[in-house]
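Letters are used for the chains, namely A, B and C, taken in the order the chains are written, and counting of residues starts over at 1 for each.
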Amino acid sequence: MFIKRQLAIVVMISMGFLALAGQFINSDNLREFTDKDAPQWYMIIAAFAAFLGCINLLQLHSTKVIRRKKDWQYSIFTLVGFLLMIFFGFLYNGSTVGLGPHLKNEFSAFYWMYNYVYLPLSSTMFALLAFFVASASYRAFRIRNFEATLLLISGVLLMLGRVPIGALIPWWTVIIIYVSILFALFASKIKNKQVFFYSYFGANIFILILGFLLGWHVNLPSFLSIPLIQEWIMAVPATAGSRAIMIGIALGVVAQSFRIITGRERSILGD
Amino acid sequence: MKKINIYKDFILFFTFPVILIILYFINPSQLFVTGNQTSFIAILISCVTFEFFIRKAKNGENFYMRPIPAMQAMEEAVGRATEMGSSVLFVPGISGLDEIDTISGVIILGHVAGMVAEYEADLHVPCCVPIVMEAAKESCKEAYLKKGRPDLYNDSKIHYVTDDQFAYAAGVNGIMLREKPAAVFYQGKFYAESLLLAETGSSVGAIQIAGTGSSSQIPFFVTSCDYVLIGEEFYAASAYLSGSPEMIGSIKGQDYVKLLCMVLIGFVVLVSFFNFLNITQLDISSFFKINISN
Amino acid sequence: MRNFLIKLGTIDRKFIFVLIALAVLIPLLYPNLIELPIKVDKNTKIVFNSISELKSGDKVLLSFAYGASTKPEVHPMAIALLKHLFAKDIKVYIVSLWPESPIMANQAIKEIIDTKLFNLEEGVDYALFDYKTGGFIVIKGIAENFREVYKQDHNGNLIEDLTIMDDIYSVSDFDFVFDFSAGVPGNAEWVQYACDPKKIPLSSGCTSIMVTDAIPYIESGQLKGILAGMPGAAEYEKMVYDLLQQQLNKNSNLNKDAVLTKGKALARMSAQSVSHLLMVIFIVLGNVSYYFSRKNN
């Protein structure tokens, strides 16, 4: 019980204070420990834990296959993939260099597996994001309230502004987009449908004529260029929000770390 | 007795930090690293503030914590899983225990495991890092034991999947599509796979509660999940769930440190404005630079 | 008509997936079908100008921190940058911070050699170092003492035997650092642990999702511009292609007989443009349907 609880807390507190002290105390030995030795200890522990992970994986999936549990067929793929990579990584070479450096050699079987199996699979999973972004934005970008509308507007402008097609969108289309968004926000306030449609078309025509008179078709102002709007959104509101969240997260990390270092956060030890 | 406490508090919260700061600046025998004064003062002020409010909370003072919908929804989500006869899936992120996000995620796992034990639901925790798997097993085992239901704990349900980011996402997606959990928790460090997981969870109709310190992934979780712990709400979650005065006091202290940051930001903006108008020529950024010279 | 518009808000996901697949596949299979002019972003221009200001013989450290999944986004910018650097006779030093990165770096160098644009010699024009575990610890080590972190290059040659490594002892001995990252460790770690403390100019090429986190560093000047995802890669490829076309018969570092090809990112931009436009159309349809369904209710 002492090893599980009190000793664990003592180790947690002392390592925490040592790491903190290493940032401020001018001692080569301490800095050597915090910058090199302690991370290496962690990596050694993590490396040994990898064995545990592999054993757990083999155990779980072998049991599923042997006992024909639900969806046991998928476990065969897991086991075959795992054992195949072990074979090509540790046992079979296929290249002229020795075992070990063969992992980087382009003529080895392991490299072939990496290039023609792992690489396409990994890229495909990443590419799935494109489909999921489309379905997520279709489902979520609705003018439900003010915040959702802001999300919609910035999302659409950024999506168009980051690609070449954004630069091709003419200035009068951008004006129509602005007027449409404004009217979409106030649509619920205008009860009369006729009034709504007449004022919408009237506003569009008025601003387009104004634009021609002010020479916007010749000297495009920055607020009518989607790529420039995109740059402004990234540089100003997105940065401001990102900085605010980063400061909040940093403070959260400091508070959490303080609770852990002073031994108050013991739930991770099961207490 | 009260006078002695005030005296003790004054020494602890004022005199001791001031002496430390003076010592740091004097730097006798080059004991401290030069050029790191700003970090030292910032950390000292933060820690003193946290400690002050923790003590206040321990002495019985009640602090108001605004209700966080995501925290309140956790128990509802577990209850929903029980009613539907389905499982609860907990994804602790893809980083190791060297990331504070993962530690926070495992702490929240402990609380969720306690709720699951109480409601007699099933808990499934696929892990990306073996060492996190071990920590998760420990956390869950203790949670089940505390609730008096060690019989419900199933070791095989907390397992390792793979270290690779997208292979892990593929594995977890497969689990979601086959098991169709009623509640999915994403609590930890996530990268690009966040949307893959959240969209798949949404497609199986699960209630999803996310929490991460990765600011770039928060928008994806906000779009696809029902509840999201944004920014420091995620780190405060463990304190919120435990309800202990010490934890709540530290959150209060965090709020005051944030207030100090806001005051400093306002001050810097003001000085920059005066510099712009040529009223002053103060290089305010030099106060906040860290120039460590070894 | 109203019912049709309301139904537009409940399109099955599979239909959306099929349309997105077509929107990406057709422009990739027929790149000449849609040719869109590339407008260069301000941050890409800053990167290009920063590299253009370097002189022949300068030393640039490249950090490869991406893998197979993000190769389509980051690899084209690595190729374009390497072409730019070798065209200026700049010495290139490549370190790898992810386990897969040495393979990416090797593939990048091989692609450059296969173009036959340059006569490159390893150990003279460029040096490749293997993956070192530790993440930001490696960056800290490079900042303090490069030779303590790397004792040999990826071929096993001792660092003391490499002529290119003369006068290289820490990050301060480099004229520029460029980081290709898709996660952690990335540009934030290079800013925090190496380039900002040691005042070495740093730029980065990363996936689009990482740009929001990097923008505070760009605004504060700690990062000299950024190549943001595939659009950034396409813009940089275009700038480098135009530059090399101009210099093909004038630059002694370039082989006049070599054939210049446009990069892969440029070819993929039409696919990205069409798919983005399609997503916007879906969003508009979804909102039209939402408006009418709210009115109905």
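Here, a residue touches a chain if its C-beta (ideal position, glycine included) is under 8 Å from a C-beta of that chain, and two chains touch if they have at least 3 such contacts.
Bear in mind that the values here come from a model prediction, so they are computed numbers and not experimental data.
Enquirer: Chain contact graph: line, ring, star, complete or other?
Expert: complete
Enquirer: Looking at A-B and A-C, which one has the bigger number of contacting C-beta pairs?
Expert: A-B
Enquirer: Going by C-alpha centres, which chain would you call the most central?
Expert: A
Enquirer: Hey, how far is the Cα centre of subunit B from the one of subunit C, in Å?
Expert: 32
Enquirer: How many angstrom lie between the CA centroids of subunit A and subunit C, rounded to a whole number?
Expert: Each chain reduced to its C-alpha mean, subunit A and subunit C end up 17 Å apart.
Enquirer: Can you pull out the residues of subunit B that are in contact with at least two other chains?
Expert: As it turns out, subunit B has residues touching two or more other chains at 166, 192, 215.
Enquirer: For subunit A, which residues are shared contacts with two or more other chains?
Expert: 122, 125-126, 133, 135, 137, 139, 242, 246, in rising order.
Enquirer: Provide the list of subunit C residues touching at least two other chains, using ranges where the numbers run on.
Expert: In subunit C, 13, 69-70, 212-213 touch at least two other chains.
Enquirer: In their complex, what parts of subunit C are in touch with subunit B?
Expert: 13, 69-70, 183, 197, 207, 209-210, 212-213
Enquirer: Can you tell me which positions in subunit B touch subunit C when the two form their complex?
Expert: 165-166, 191-192, 203, 215-216, 290-292
Enquirer: What does subunit A use to touch subunit C in their complex?
Expert: These residues of subunit A touch subunit C: 35-36, 39, 43, 104, 106, 111, 114, 118-119, 122-123, 125-127, 130-131, 133-135, 137-139, 141-144, 152, 155-156, 159-160, 162-168, 184, 187, 227, 231, 234-235, 238-239, 242-243, 246.
Enquirer: What does subunit A use to touch subunit B in their complex?
Expert: 20, 23-26, 42, 45-46, 49-54, 56-57, 60, 63, 70-71, 74, 121-122, 125-126, 128-129, 132-133, 135-137, 139-140, 242, 245-249, 251-260, 264-265, 267-271
Enquirer: Which of the residues in subunit B come into contact with subunit A in the complex?
Expert: Residue positions touching the partner: 24, 30-34, 36, 39-40, 43, 46-47, 50, 54, 96, 98, 100, 103-104, 106-107, 110-111, 127, 129-131, 133-135, 138-139, 141-143, 156, 159-164, 166-167, 169-170, 174, 178, 192-193, 195-196, 198-199, 202, 213, 215, 218, 220, 223-224, 230-236, 238-239, 242, 246-247, 250-251, 253-254, 257-258, 261, 294.
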